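One structure is given below, encoded as structure tokens.
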Amino acid sequence: MRGALLFFAAAGLAPLVVSDAFLLDSLVLMLVWGCAAGAWNIAGGYAGQISLGHSAFFGLGAYAAALCGVRWNISPWYGVAIGAVLATGAGAVIGFLSNRLRGPYFVIATIAVSQVLLIGASRWRGFTAGSEGIPVPFRPGFWTLGIADKRLWIWIVLALALMVYLVQVYLERSRRGFQLAAVREDEDAALSLGVAARRLKVVAIAVSAAFTAVCGALWAQYVGFVDPLYVFSVDLSIRFALAAILGGLGSALGPFLGAVLVTTLETWLRAEFGGLGSHLVGLYLILYGIALIVIVRYAPQGLVGWLRRT
Amino acid sequence: MRVVNFAHGEFLMLGMYAAFWAFTLLHADPYVTLVVAAPLFFLVGWGSYALIMRPIVHTSHNVQVFTTVGLSIVLQNLALVLWTGDARFVRTSYYTSVISVGGAVLNFAQAVAFLLAVAATAALFAFMRWSYTGKLMRATAQDRAAAALMGINTDRIFALTWAVGITLVGAAGVLLAPVYAVYPTAGLQFVLIAYIAVVLGGLGDMVGALIAALIVAAVEVIGSYTIGTAWKEVLYLVLFIAILVVRPAGLFGQRGSEAIGA
Amino acid sequence: MAAPDVSLLRIRGVTKRFGGITANRGITFDVEAGELVGIIGPNGAGKSTLFECISGFYAPDEGEVELDGARLIGLSPDRVCRRGIARTFQKLRPFQGMTVAENVMVGALTRTRVVKQAREQAHEWLRRVGLAEKAHAHARTLSTGQRKRLELARALATAPRVLLLDEVTGGVDQRSIPGLVELVRELHRGGLTLLVIEHNMRVVTAVAQRIIALHMGEVIADGAPDVVARDRKVVEAYLGQAYVG
């Protein structure tokens, strides 16, 4: 808990102290990925429903925001809401699947869902401008989410991050949280004790989906471009899971720490090796892959576990 | 084995690169490379089992999923770092040859790959069905604990199963190199269909997987005619999800098998 | 409230098939409120299957199960639990990642919405089953006998009207059995209705007022322990394992 206070305080104060655009930009991205990882953690860490299709929700949010600005000329904040609603629907579908499939087979189904959306978005020229993606228009103003000041972005995303963090904490302390933990441990035993396991799983996934979509929408506005091949990709889904696992699966602060680690290393390596040849950037991913294999088996508490012990 | 290898496509990609480098550096025809590569991949399979899979074979689903996902990331990026992301091509002399069968015109290399794949599948099926080792593998897949109690060295069976899988997919990669472009993420385009075919066909059922694969292919082709080539994948993906909703065990799987873990 | 002439639990013609095997065939019996019924039978007789059918994990192919006159067939297991039937499992299934108290709280939270209350109730149940000093230990550190008590406490925390115990003494060392048996008796004396699957004939004859014997999916005997223990069909089914006590 104290660690979380430290983290959020530091993030909140940083814009007042730091003025380097590059660092502020990194911080925004860290927070966005942290939120997405935290949202993933709600389904993956707390409900035990591992999905590699969360990019479906992220992409829905991103597209909703972008299309609001580009096609319908309305505030992208509506896009945030629309994206969340659509993602909740998609989340309910995946939640339904989670009650039919277990383990890796469920994972495959989630990948299939995200790929359906990827293909849909990248081919549906008439609606989504196809595989070229959508450049998000920058119209200055808060209502249009056209914000040039990175500091304001940090606080906006921080607000979301706090929400995601608090939802996770709620899942650790509340009645629903206990029941969800039981479902995650042993669904049949939980059922025999009166826990409405199926409904809980669907709700957890739907909530996870909604938050992920909001992340996607904000990210789209910040970055300014929505590319279907990225935004619905399996790589992105893996990224959310990776950050959550490295940080500590099933801990509230873990996903944020994991996102910090992932983003930091990535940015540093890109800066170091970018000049030599972009393919060397793959180095950091090799490290992540190895870290993932090792942590998931030998140190499932991730960074949070390591920090607790030191 | 009841383990989904999310790095499956990456071994295919490695097979493609093996064919490419053998062709480029040694001027070896992929079909020759195949003979050398197959045993090599078997060793790679055995080695990767010992190094990576053995420690996690008895752990939870999550650990298994992310271990193979991690492996996938490592292999993809290893290829990226070592050989760059540029697409490579194995342009053999028969690269553009076609043969006509009946009224249809087929790409020569694709046709050969197809025939060899069918032969390999038949051989695998025969092996699993009638050989002693094949029976051991099926027994272990059905009930690990019972198999161990029967004196079956389950660890060695798993290693064998894994290695055979890697060998086949590596060989597939070698065979596909003359037909498709070779780049670090080349495995992805094939692997999703493979997973879908296996899950759709019913887990642990080889014939089911084969039939499901044919169904997926048929749907894809039908889709490309009816709703256009851009959307053909959507058709089988949506069909996949729809079928799973109704029959989670897949078309031919035993009811309830989708819920079985170890 | 149950009408005086309607049994608490009515099982009528429950039949469950798995492919070619009929695990339960036309099982019929009533259980009155406050009864302790022992269920015996050789391996494969269909005892656990019957529990799965009653608790909602399996849907029987034929037959009815009623609690207080209300149908249980077709309800999901969690709803069956909320109606008042709790169970333990033959293969122990504690929530490994949680402490002992937290395990029991999951059960308690089915009856109360307040976490604090659930915690208090959990501690109370742990005290009753004799696990109070282990409340903050992790569930995976418990011995088999302690795990059995934990399962019991957890199921009891859901405030059931009928408790299904599946092999509660199975795998427990000899010294701990009398303690467990006394616990079961105590719960029964407190007014709980129990169905107890047991292999250990000494345990069953000691606690049960009535024994139902299953063989090949059918009820072959139903009555007082000493009568059933001597029933020829039962002796035959067990081939000499019956303990005439």
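In this document, chain identifiers A, B and C correspond to the written order of the chains, with residue numbering beginning at 1 in each.
Note that in this section contacts are C-beta pairs under 8 Å (C-beta built on N, C-alpha and C of every residue); 3 or more make two chains touch, one makes a residue touch a chain.
Just so it is clear, the model here is predicted, and its values are computed rather than measured.
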item: Centroid-based (C-alpha) most distant chain relative to subunit A; value: C
item: Of A-B and A-C, whichever chain pair has more C-beta contact pairs; value: A-B
item: Per-chain Cα centre nearest the global Cα centre, belonging to chain; value: A
item: Centre-to-centre distance between subunit C and subunit B (centres being mean Cα positions), rounded to whole Å; value: 47
item: Subunit A and subunit B, separation of their C-alpha mean positions in angstrom; value: 30
item: Geometric centre distance via CA averages, subunit C-subunit A, whole Å; value: 44
item: Residue ranges of subunit A touching subunit C (in the complex, touch as defined); value: 173-175, 178-179, 181-182, 185-186, 188-198
item: Residue numbers on subunit B that touch subunit A, as the complex places them; value: 3-4, 6, 52, 55-56, 59, 61-67, 69-78, 80-81, 84-85, 184, 188, 192, 195-196, 199, 203, 230-231, 233-234, 237-238, 240-241, 244-245, 248, 258-259, 261
item: Contacting residues of subunit A [partner subunit B, same complex]; value: 48, 50, 52, 93, 96-97, 100-105, 107-109, 111-113, 115-116, 119-120, 123, 234, 238, 241, 245, 249, 277-280, 282-283, 285-286, 288-293, 296-297, 300
item: Complex interface listing, subunit C residues touching subunit A; value: 55, 57, 76-78, 81-82, 86-87, 89, 93-98, 102, 105-107, 109-110, 113-115, 118, 154-155, 157-158
